[in-house]
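Each of the next two complexes has subunit A plus one more chain, namely subunit B in the first and subunit C in the second.
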Partner chain A sequence: MTGEPFVAWIGQMLPLGFSWNWGLDGWIVVIGGLAAVASSLLGNFLVLRKMSMLGDAITHAVLPGIAVAFLLTQTRSSPAMFVGAVIVGLLTAVFTEWIRGAGGVDEGASMGVVFTSLFALGLVILVQTADAVDLDPNCVLYGSIELTPLDTVSVGGRDVPRAAVVLAVVTVVNALFVLLFFKELRLTSFDPALATTMGFSSKWMHYGLMILVSVTAVACFESVGSILVVAMFIVPAAAAYMLTDRLGLMIAISVALAIVSAVLGHVLALSVPAWMGYRSTTTSGMIAVAAGGLFFTAATLGPRHGVLVKLVRRQLLSLRILCDDIVASLFRGEELEQQPPTATWLAGELFASHWSMKAALAMLRRRGEVADQHDRLQLTHVGRERGQRLVRSHRLWEQYLVDRAGSGAERIHDQAERFEHFTDRNLRDELAKETDTPVEDPHGRPIPDES
Partner chain B sequence: MWHAKTSRMNALAGIASGDRGVRLSRGLLLLALLTVSATVCHARGRPSPDASSQSSAFQWTDTQWGRVLLMKDYNTRIVIFGVAVLGGASGLVGSFTLLRKRALMGDALSHASLPGIAIAFIAANWFGGDEKSLPWLLVGATASGLLGVAVILVIRNQTRLKEDAALGIVLSVFFGAGVALLGVIQQMDTGHAAGLEGFIYGKTASMRAADARLIAVTSLIVIAGCLVLFKELKLLCFDEGFAGAQGFPVIALDAGLMTMVVLVTIVGLQAVGLVLMIALLVIPAAAARFWTETMWRMMLWAALLGTGGSIVGGLVSALFPGLPSGAMIVLVCSLFFFVSMMLGTRRGVIIRLIRRMRLNRRIDRQHLLRAMYEQLEKSSGGLDDSGLAERAKRRISVSLGKLLSMRSWSRRRLSRAIERAVEDELLRIQDGACKLTQAGFTEAARLTRQHRLWEMYLIAYADVATANVDRDADKIEHVLAPEVIDQLEDLLDEQGMTIPVPQSPHGPLGSGEAIGVLGTDAEGHAGVEPPHDDSGGHQ
Partner chain C sequence: MLNPPERNDDANLPTAARDDGAGADVPLSVYDLTVAYHRKPVIWDVGFDLPAGQLIGIVGPNGAGKSTLLKAVMDLIPRASGRVRVFGDTYRENRHRVGYVPQRESVDWQFPVSALDVVAMGLYDKIGWCRPVRKKHRQQAREALGRVGIGDLADRQISQLSGGQQQRTFLARALVQDADLYLMDEPFAAVDAATERAIVEILRDLKERGKTAAVIHHDLQTVPEYFDYVVLLNMRVVAQGPVSQTFTQDNLQKTYGGRLTLLDEVTEAMRRRESSL
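Moving on, here comes the complex of A and B:
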C-alpha cells in the first residue's frame, strides 16, 4: 500500500498513455515494492560487507532445494519448497565459507564454484523428473510479477494476493531483524575484529544474515523473479551508500529508493513500450532498470561522493589555484619591474591549457583583480593586494621550512607553492612570529608586508 | 592469511620436493579412477529409460556405450569437440581472472550481454535484416558485454563502491534491461524470438557444426592471445603497480584480458548457456590452483581440467539421454574441483593438514627435548661445564610429572611426543622416567642453544626485557635456519659449536615460578649483562 498515493499522483500528473487498473497494477506495484523493501533492508549489509554477489549466488543455488521439495510435495506453493530453498541457500553460504577458509580460494571464486554446481545439480534433478512434475525452470527463475495478483488468498474477508502476504511477512521480519540487531549488525559490518573482542559473535550475525537473505531471496523470486532480487539486494543500497555516510540514514534512503524504483519500474514497463506501439513489457526487468537509473543519478550527482560533483569540485579548485598563480606571478613580475606579460605567455609559463586560462582570466576580470592593457595583463589595486598576500605566504613558508623544519633550500619552493593557496591571515601571522618576522626569504627576496 | 601460513609451513616442514612428481602422478591416477567410477556408478544407479524389458535395455545400453565412446555420432563428435575446446580456452582465461580476483567477472559479463543481443535483434528487425544471424547477435552481445565491463571498472575506480557491488549492479541492471527488451521482442514476431532463449540456457546438445567452428576459432585466438601475452598478463595478475612502473601499458593489458574474457564468454554463452559458461571460467582455474604454485603449470592444469571435465560431462550426457549436457559438464567439473581441493599436491586440504600435523609434531618434539635439557640443568645445578659434567647430566633421568609441569601441555600430548621421540631413539624410558640418548642429548643441547642465542639477541639488540624473552624465543626457535644461527653467533660474539650451550640469560625456569625472581637465582650468571661479556668464561 506503500506506493499507492504516489502512483495515483503520477497517474494524475502525467498523461502516460496507458491504462492503469488498480486491482491489477496497484497490487503489482505493492508486491514489487514489498520485495524491493525486504531485499534492500538486508542489501545494505551485503554491500557494506562486500558480499553483494551472494544474493546472485543464492538465487541460482536454491534450484536443487526447490526441485527436491517439488518432488516430495508436487505443488508449487508449499511451505516445503520454501524450506528446501532456504536450506540450500544456507548451504551455499556455508560451502562458500568452507571453500574459502579450508581451501584458501578467493571469495568470488568459491561462490562461483558453489552456485554453478548447485544450479547444475538442480537442473539435472528437474530434467530427470520432468515427467513427474510440472515445473518450468523458466518460471522458477524468472517468476512473473504480472501474474501474482491472480493467485489470491483471503485475509480478513478480502482477497489479497498470496505473494503480497508472504512478502509483507518477510519485510516485517527483515525490518525487525535490522531494528533489533542494528548495533550488532553495524559493528560486525564495519569492524568484525572489534565486534569479536566486545563479545558479539560476528559469525552468528553472518549466518543470521545469510538465513534471512536466503528466505528473502526465495520469497521474492518465487513471486517476482530472480533478477529483481539481485537488483534489489544491491542497487538501492549501493545508491544510498553514494548519498550518505550514516548507516541509519543509508538504510532509510535505500528503502525509499526501493519503493520509488518499484513504482517507477512498473510505470516504465507499461509506458515505454506503449510509446513504440507495443504492449507492456516485463515489470521486474523494468524495476531493475529503474533502480539502475536511480543508482546512476546518485552515483553521478550525489552531494559528497557523486562522480560528477567530485569532478566539478576538483575543477573549481584547480581553477582557483590557477587564479592564485596568475595573480602571484603578475605580482612577481611587477616586483622585478618587468613588462606586463600577455595571456598566452603566462599560460605557457603556468602550464595552463587555453581553456582553463580563459576561464581563470574571466573570473579574475569579473572580480576586478586583473585589467587588460592592450593585450597585456595588469593587476588592479585589489589584485595587487591579493598577489602580495600570496607571495607573502609563499615566502614566509619558505622561510619557515628552512628555519624550523630544516628542509634544504632547493626543495622548499614546491612545498611553499602548494601551501600558499591554503594560508590565511592568522596562519601568516603565526608563521611570521615563528620565524621572527623576517624581511627576506631564504632565496634573498623581500617578504612583502601584510597589506 | 592461509597463504602466508601454509607457505611458511611448507618451508618449515621442509617437504622434500623430490617426491612431488610421484605424488602428482598418484593424484592424477586417483582423479581418473574417481571419475571413471563415478560415471560407472551413475550408469548402474540410473534406471534404464526403456523399462519394458530388461534384456533389450541392456542391449541398447551396450551399443550406446560403444557408439558414444568411439564418437560414432556426428552430433556427439561436434558437441564434445566444441565443449572441449571451449573448456580449454576458458580454463586459460579463467586462471588469469581468478588470480586477478575477478572470478565472477564472467558471471556479470554473461548477464550483461543480454541487452546487446536483444538490441541487435530489434535493430535487425527494424532495418529488415536477418534477426537471427548469429554474427550480428554476437556483435551486439560483445558490445554490451564490453560496456558492462567498462561500467564495472568505472564504478570500481571512480566511486567508493567495491568490486562486488559493481559486479552486482551491472549484472542485475543489464540483465533486467535485457529481460525487459525480450518482453518487447516477444510481441514483435513470436516465431522469431524463440532462439534468443538459447543464449540464457544454452543448447549444448544441439550444437551445430557452425557453432563448434566458431568456438574453435575464437578459442584459438584467445589461447594464442594468452600465450603471446603470458609474461605481461602474469605481471598484471601478481603486481599491477610494478607492471605499471616498469612501463607496461597496464590499462591496455587489462582491457585486452577483459576482451578475451568477453570473447570466450559470448561465444560460449550461445553454445552452452550462461551457468555453464560461468562454471567453465571459474571452476577449472580454481581447481588448478590446488595443484601448483607456478603460473604456467596452473594454466596448463586449468586447461586440462576444463577440457577433461567438458569431455567427460559431454560423454556422460550423451550416454544417458535424461541428463542435460551443460549441467553434467558443470557437475563433472565441480567433482574435479572437489577432488583437487582435497588431494591437491600443493594447496589441497589434506596436504595442508599433513603439513600442519608434521610441524606440530616437530614443535612438540623440540619442546620436549628442551624441557628435558632444562630439567637436567636444574638437577645438576652444582656442576660446572666440564666434559664430565656433561656426561653426568646426560645420565640423570627426568620424571614425567616434572616434564608435564614445564609447560602447558596435556599429558596425552606429552606422552605422544615422548613415544615418537623414543621411536626416533632420542629418548629412553626407564622406570617411568625419561633419559636422553647421546643423539637426543646433542639435539637437545642444540635446541636449547638456539633458544638461548635468540633470547640473548633479543636482550642485547631488541631491547626486550629479560623477563619477556622466553616466550618470544619459544615461538621463533622452531624456525631458526642454520644461517640465522651463524649470524646470531657472529652478532653475539659466541663461539661456534665448541661450546655447546651458553648459560641461560635468565636462569632455569620453573613451571609456575614467577619469572621475575630470576636475578636472585643461585646460578648467579643470570643475565642482563651483555652476552659477550661472559663468552670468554666458557672457554
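Moving on, here comes the complex of A and C:
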C-alpha cells in the first residue's frame, strides 16, 4: 500500500503507540465516515423537526424487518433487507402518528410503545433463529465495523468491502435528496402549515425522510449497530446547530464533523486502550464517543449557543455595569462636594469584589474616565460626562416611574438603578418629554442637563 | 359531505351552497362547515360569503374556532361536513390565489434561517419543485422586506428579530405570494405600536390593489377602525356584515355571552368613540 511509508513515518514522529494498516484501518475509517455522513445528512432535519426521538425509534424498530428478510432470504446482502426495513420503518412512523391521534397520548409515549414492541419482536426473532442463521444479535446491536473490510465484492477489478459500496450508494442517495429537496425540506421543516397550503405536502416530505432514515439505518446497522447509529444521526447535526445559524452551513458542518468523528474515533479506538496496556476497543463506540466530544466542545465554545460565550458576555455586562456604578457614584460625590473616595471604600459601597473592582478601574483608567489622585479616585472630564448622563437617566426614570407608572417613592430607586444602564440619549429625550422636562427628581435632587 | 338543498334560489345561502361554479367573484364562500376534534364540534354549520376587495375581521372569544375555520378552509385539518369555494372553485384548484399568514407562535423562531430566507419561502410555489431559489427571487424578497419597513434586517437570523419584526417578516412573505385572498391568523397579536401601524398600512395597501384580506382579530376596540366587514364567530356565525351594521353591542353580547368585563370594556370604548364624533 502506498500510504504505508507515510503512516510509518507519522508513527515514528508521534508516539501514538499503535500500528496502522491501510488495507484494514483505512477501510474502517472510510466505512465509519460514510455511515456517519449518510446519517448526519438526514439528521439535520430530524434535529430541526424536533424528531430526534423518531429517528431513534426507527433505527430500533427496523430490526424485525431485517430479521424477517434475513430469515426469508438467508443472506445479508439482499435488497430484501432494505425493503423489509423500509416497510417496518414506515409502519413505525404511521403507528406512532396513529396511536397519538387515536389514543390521545403524547408523541413520546406512543413512540415508546411502538418502537420497543417492534425492537423486542426483532430481538425475539433473531435469538430464536440465531443458531440456524449467520446473524449475531450482538453484532446487530453494536455492529462489527472491524470485520467489514473482510467481506469484499469486486468493483472494477478491485476488492472493495461490501459495506463501503452499500454505504457509498446510500450516502449519494441521501446527498441527492438533501440537495434536490433542500428548499422543500427547509419549508416543510420550518412551517409545515404554509408548505401544505402551497402544495408541498409536509406529510409526504415526512414519510420520504422516514424512508431514507430506515434505509440508512439498515445500511449502517451492520457496521455500527442499531444503537450507535442514533448517535450518528443526531450528534453531528446537533453540534452543527450550535455553531451556525444558516441551514446550508449547518449541513456542511455536520458532514465535516461526521468525517472528523470517524477518523478520530478509529484512531482513539486504537490508541487509547494501547496507552493503558489493553488491546484496541470497538471503533463504532469510539466514533460515537468522539462525536459526543465534538458536541460538547461545540456546546461550550459555540458562538451562538456556546456556554463560554454566554459566560463571557455576562461577565462583560456586569463589568460594564460596575463601571457605570463607579462613575455615577463619583459624580454624586462631586455633586455633594464630598472628598473623593478611595478604591477600597468605593468597593465596599458598591458591594464589588476586589478583583472585579480592579478590572473595572483598569478599564476606566484605560478609557481615561477615571484618574488617580494619590490613593483617591477622581473623574476626568470624559468620565464626568458619562456620570452626568447616568445620573440624568436615573433621576428621569425615578420621575417617570412616580409620574406615569404610579410607583411608590420607596420602590423607584432600585428600578431606576437597573434601567439607567440601558438608557440611551433617545430614550432620555423621550423620558424628559413624557415627564415635562423636570429639573428635580421625586427626592428633590437636581436632574443634570444632557452633557 | 351533505348534499346541497334544492333551494338554489334562496338569496341568503352562501354561493358555495350551489354547485354550478357560481361565485367566481366571491373570494371565499363557506357553506355548512363543521369541524370536530374527537367528535366534539369546534365549529358548527358555519356559512358566509366574504365580499371582494374588503378588509374583513373575524372576531370571537377564545376557543370560538377562528383558527380552526381558516385551517379547515385550506384543507389543513379535515372537515366533518361542508363545502368551501375560493373564487368559485375548490381551494385546491385556486390555492395559488390564497396567501396564508399563520400565527407567529406556530413556528420555531430558533430555526437556522434569515429573515430573507423566510420571505423567499413565499415564492417556493412559483419556483416549483427541486428548483433553487435564485438571485431574482432573493431580490424580490428583499423588496418585500423593504415594503414592511425592515429591509435592513434581511440577513438577520430570525431569532434576533423582535416579535413585531417577526410578524412583519411573515407579512412580507405573504406579500411576495401575490395572492388575491389573504387569510391571516392574528397578525396583530403581541406586536408593538409601530408594527401595528405598519400592518394596518399594508392591509390598506392590499385593499387599494383590489385584494381581500380576512384577518382574525382580538382587539375589539380597533375593529371599526381597521375593518370594513366583520364575521362574529362563536362556534357558529353569530352575525356577519358591514361593520357599521353588524358590530353592535347586541351582536357582541351574543358572541361573547356572559363575559361582561370584555363587554364593559368595549361598550366604554364605543361610548368614547361616539362622544368624540
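We take it that the second predicted complex is superposed on the first by the 328 of 451 C-alpha atoms of A that agree within 3 Å, B and C clash if a C-alpha of one lies under 4 Å from a C-alpha of the other, contacts with A are read in each partner's own complex, and residues count from 1 in each chain.
Assume a contact is a pair of C-beta atoms (placed from the backbone, for glycine too) under 8 Å apart; a residue touches a chain by one contact, two chains touch by 3 or more.
Here the structure is a predicted model, which means the values were calculated and not measured.
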When the two structures are superposed on subunit A, do subunit B and subunit C clash or fit side by side? clash
Thinking of the overlay built on chain A, is A:326 touched by subunit B (first), by subunit C (second), by both, or by neither? neither
Tell me the contact category for A:113 with respect to subunit B and subunit C: first, second, both or neither. first
Considering only the touch criterion stated at the top, classify A:55 as touching first (subunit B), second (subunit C), both, or neither. first
Tell me which partner A:104 touches in the superposition: subunit B (first), subunit C (second), both or neither. both
Dominant contact partner of subunit A by residue count, subunit C or subunit B: B
Answer with first, second, both or neither: which of subunit B and subunit C does A:183 touch in the superposed model? second
Please indicate which partner A:238 is in contact with in the superposed arrangement: first for subunit B, second for subunit C, both, or neither. first
Which holds for A:196: it touches subunit B only (first), subunit C only (second), both, or neither? second
For A:246 in the superposed arrangement: first (subunit B), second (subunit C), both or neither? second
The only stretch of subunit B that collides with subunit C once the two complexes are overlaid, out of 76-84, 184-192, 436-444 or 472-480, is 472-480
Shared subunit A footprint, subunit B vs subunit C, residue numbers 50, 104, 241
With touch defined as at the start, can you tell me which subunit A residues reach subunit B in the complex? 47, 50-53, 55-56, 60, 99, 101-106, 108-113, 116-117, 119-121, 123-124, 127-128, 137, 142, 225, 227-228, 230-231, 233-235, 238, 241-242, 269, 273, 276, 278-282, 284-289, 291-292, 295, 299, 305, 307
In their shared complex, at which residues does subunit C touch subunit A? 38, 71, 74-76, 95, 98, 100, 102, 106-108, 111-114, 117-118, 121, 124-125, 127, 129-133, 157, 159, 173
Can you check the complex and tell me which residues of subunit A touch subunit C? 48, 50, 104, 180-184, 186-187, 189-191, 193-200, 241, 244-247, 249-250
Which of the residues in subunit B end up touching subunit A in this complex? 2-3, 6, 98, 101-104, 106-107, 155, 158-162, 164-165, 167-169, 171-173, 175-184, 187-188, 201, 275-276, 278-279, 281-283, 285-286, 289-290, 322-324, 326-331, 334, 337, 341, 347, 349
